[in-house]
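Two complexes, one shared chain (chain A), two partners (chain B, chain C).
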Partner chain A sequence: MIKKLFILLAILLPIKAQALIEVDITRGNLSPLPVAVSPLSIDENSKKGFEKILKKKDIGSEISIVIENNLKQSGLFNPLNKDAFLQKRDIAHLKPRFEDWALIKAQALITGKVTLVDEKLRVEFRLWDVLAAKEMLALAFTTVPNNWRRVGHIITDKIYERLTGEKGYFDTRIIYVAEQGPKTKRIKKLAIMDQDGFNTKYLTLGNELVLTPRFNPTNQMVTYLSYFRNLPRVYLLDIETGIQEVVGDFPGMTFAPRFSPDGKKIIMSFATDGNSDIYTMDLENRIVERITNHPSIDTSPSYSPDGKYICFNSDRSGYQQIYVMKSNGSKVKRISFGKGLYGTPVWSPRGDLIAFTKLHKGKFYIGVMRTDGTGERLLTENYYQEAPSWSPNGRVLIFYRETKTDEKGEGFTAKLWSIDLTGYNERQVSTETDASDPSWSSLLSN
Partner chain B sequence: MNLNKILKNAFLVVVACMVLTACATQKKSTGQMQGDVYTGTDTVEYLASGVPDRVFFATNESVLTTRSRDTLRKQAAWLRKNPDINIVLEGHADERGTREYNLALGERRANAAKDYLMTYGISASRISVISYGKERPVDSGSNPLAWSKNRRSVTVKAN
Partner chain C sequence: MIRNVVISSSFHVLIIVIATMSLPFLTKKPIDLPPIISVELIQITDKTNIPFAPKAKKIIEKVKKKEEKLVSEQAPPKKVKKEKPDAVPLPDKEIEEVKKIKEKKQNPEKIDNEVKQVSEFEKEELFDPNSIAALIDKSKEESAETINKTDKITQDQDKNIDLSGLTLSEEDALKAQIFGCWSIPLGLPYNKNLLVRIKLKLKPDGTVIRSEILDHARMNKPGQEFYKVLAESALRAIKLCQPLRVPTTGYERWKDLQLNFDAREMLEG
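And then the complex of A and B:
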């Protein structure tokens, strides 16, 4: 729907040249690339027009701030202070004086131009290699003015892709649980926001407890656990229409839902008589299939991106461990063998890794291992943190962290955090309220 | 009838053995806790005089302790005397576990209590079960005592 509003006007083919800058994102990036994001230029008429429509004084500058923040948050880029910029923004966009930009140590330069055309927002931008004195990328977009932040995200995705060789993750959303109130009577609502913490919308009112929301592959549906009428069940919510329905007709609690990679099934746990097993329900024909049948707890299922395998959490060995099986439930194999307990396995969108939560000696870790259990790497340690979710390019994990309370049992907070696969660039993700159970969408455009 | 009784006794022996082996491994008593099972009365409410409403569990466990079985027998006696009362068993976990696993663990704990009540003659039709996982702690503290109070199954009147 929103996708259609974007019309790619012109793609000026990037000029292929040797020795253009490249960012290596496979290693921890200790020296982020210095980049100058020149405020997008804007003519007086357009400026006045947008001020009326968007109540923003200088939309060109605002969009460049979105880009700059994205680049900074990625940890791979170091946006330079604008006070040091020598060249005027409109001229820089036409013909940058590379010596000026090299002088302030910029290696990449981003310039652009914003115009108001028939009540629409037209944005063009260029990415320049300062040292090679060459244009690397030039694109233009036209959309409704209200989409201006998304334009900033899409531009960042294009820049990220051009410089790292991998898809970006900026034009995405996070669905999560917004929390408030005392720890013993927490009020929880479903909330959705842009990846950078803006445009927060609340999808439920907080009348009932809600947990663990997850997007479908097209980001239009969400599956989650709701305690509506004190019956904890997996629900399906259409974000645009707001229509909700219970998934399946189970005589007990269903929980830990996720979509299959084709979006046609929901996989979840069903608990009855003290035993939790994994089931799927086909959303078209409503057929329910039992995947595991074991007297232990089987939960937190997550499909491999090709849909052929499922990783899940089970205590069949006595304690919580991670297992992998074929998607029909056969060939169950334990993959976690390190010290401690393992939970919340989630398969990476690239297919090669499984992220997890580990509890060992009173500390909680977010980590990754290969799908056969080898190569375990712990990325971060804390008092309490769990439930990693992958960015669509498989480079960043978002999770939530809770704090220890003081002697009076006060001071509890829950916040979203993100960390690179490399273990670098750990950051708090800004949210309007306390937050938990984040789930990252796929890219909204392209 | 007779067979029923034999089975019931056999079940109790098995449970007792399990509890004894569990106790053998960790027998530290620290005032309000035995091992890491809460034995105090801070949060306990009463369904009737002398009938505590809740039982407590060890970390990651759903095995009923001797004390828990004693509490549940009192509840069963009270329920037999009040045949019109139905109950909800609310299973809970502490905050030191992942959310989804804790939901399953809470369900397992509440069902451990349900099974025991049933062996004492309470019909399954009078009992419903709900798990809150780690979502509804009674004590907001971040220490072993607070966690022990939160690992519980609470019997609540449904009508």
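And then the complex of A and C:
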């Protein structure tokens, strides 16, 4: 017995003496990652070819600028100034001199080349880990030359995914209501653009008032509200074909139509006799189903990404608050309990958060809370702002903000803004005209 | 038969009664314990030892010098105040002075060479400044020895620290350095396990000889793509930070180091 104890002691003692020291690192910095985006190299023949087709002198540089701007706009990356680059752009086939890039504090490097192959654009790119001196990603795309901006967006999505661990949101579009004219006589058109504000197209002429366009999460269909004989009607519009149809004529007013996550249903609210309730409509058989039945005003419904729950706002407690219920209308539960009024709840595509607009003491806030109502965070505050819409990865919100009119009734503007979940990266999204009611599409390249 | 049952039953009842009476938790209410306060024992090193303010330092040095003087020199003779004939004495002083005058009157002459026989007991009571000084010297020596002894004890304790791990300040210095280098990928799902353990082999100057991700297999598992991103960011942080801010001594104890990168706290907010 004693002998055994001695053996045990002999085994245990050295283990204690050589115990590995462990240090817990629980904090880091959230500052943007320094990235070097080297202009994509291009040979002389391809350069001349693209100059003819696209009227662009250096398409390699143009694509790298698209990538650079996307990365910068995300707030997660800090593209370094090209003047500091020590290595020239024609390094696509070679291993970069990592020490040169480390010297300018780059942690990631993007290189690549552009060629014209059979009248098509071929883009190769590589993502390098400068500190580890290794390649992280290498891909090539071939497309028609006119798609060069989209290639830039797709490349950014791939880089973003590789460096952050989540899907990107750059190869996406935003549909919104383009506004022009004085506030009292506003012309509102349906417009669509790339997420970076380029390639704007107007989908309606502006003869009728349009409101609340919403993307189908599965394809490029849009539902929106437009007035016909002074009554709002819900429309469906296929962006690819331009075909639009009326979803149905409903008694009373209809509001805030939105697609279900599978894109097969539309959820909206109808108002009859001063009472507003939530309904769904199956787009295949056009069967309408009542979801809530309450004497209060229930509006702004939004599905959870798994389709099992719906969040909406209601004044059934006396004030407008956010509620969550099962998709069949059962188990209604209030989740917002803060001071002020809560509206326009939108369930995140990640499923973890609900974005909302809050009105408190005359100010409007865009915020997020967990789906059980805990962890409320107000991301931005302003005179008037509302209608948040999630980026497809659930990282960024786009909304619109209006400014006050002066005494003469002038100075009114409505602009699109975006903010990420940290609340620090707030940016105005450039649009050709004033804009409101934005809705973010899913990834086009999916 | 019945008798056996009666005996058995009575014994059972007896046992239950004894148990009820003797077991304290059956009769007493549970003790209302105060909440447990966790206490972390920390090691104080040079860095965590707050230095004295310059003024305080001077005062301490002065006090030390005084103490040193006491040790080396004999006790100074008592200063006798000179009598001030013009001063008006206070009532107490007046009484004392009367006594002194009386004494003076009794022993008017100084007898230096008079041999006086005294008992051993009386001898000890006699005032001898030299012996007092010697006593003070001895006590100082003893206290110095004790200080030396305590010094030795502290050194032994340091040796123990060397074997057990980094001290709080050493760990803090290293952490602070890596915090600054680690760019946390913000897209990580914060509700997942976001712990990356990296084992390092270090040079004495803190540069990394080898780094090894302990859960390497997880990097290529489907549905764990975020883990690869996280692990790479941690490796980048180490590379960016090196040479790591390691202690200047005790290489043997930290040459192998494990860093546990956990992004959950940051991402949950």
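Here is the rule we go by: the second predicted complex is superposed on the first by the 412 of 446 C-alpha atoms of A that agree within 3 Å, B and C clash if a C-alpha of one lies under 4 Å from a C-alpha of the other, contacts with A are read in each partner's own complex, and residues count from 1 in each chain.
The definition used in the following text is that a residue touches a chain if its C-beta (ideal position, glycine included) is under 8 Å from a C-beta of that chain, and two chains touch if they have at least 3 such contacts.
Everything quoted here is computed from the prediction, not taken from an experiment.
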Which of chain B and chain C A:156 touches, first, second, both or neither: neither
First (chain B), second (chain C), both or neither touched by A:321: neither
Partner chain(s) touched by A:183 [first = chain B, second = chain C, both, neither]: first
Partner chain in contact with A:31 - chain B first, chain C second, else both or neither: second
Partner chain(s) touched by A:437 [first = chain B, second = chain C, both, neither]: first
First (chain B), second (chain C), both or neither touched by A:131: second
If touched residues of chain A are counted for chain B and for chain C, the larger one: B
Doubly contacted chain A residues - partners chain C and chain B: none
Touching residues (chain side chain C, partner chain A) in the complex: 163-166, 171, 174-175, 178-189, 191, 199, 225-226, 228-230, 232-237, 239-240, 253-254, 256-263, 265-266, 269
List of chain B residues in touch with chain A within their complex: 60, 62, 95-101, 103-105, 107-108, 110-112, 114-115, 129-132, 135-142, 146
Of all residues in chain A, those that touch chain C in their complex: 17, 19-31, 33, 76, 107, 129, 131-132, 136, 160, 162-166, 350, 352, 377, 393, 395, 422
Chain B contact footprint on chain A (complex, rising order): 182-186, 209, 211-212, 225, 230, 232, 252-253, 255-256, 269, 271, 273-276, 297, 299-300, 313, 315, 319-320, 341, 343-344, 357, 359, 362, 383-384, 386-387, 402, 404-405, 407, 409-410, 412, 437
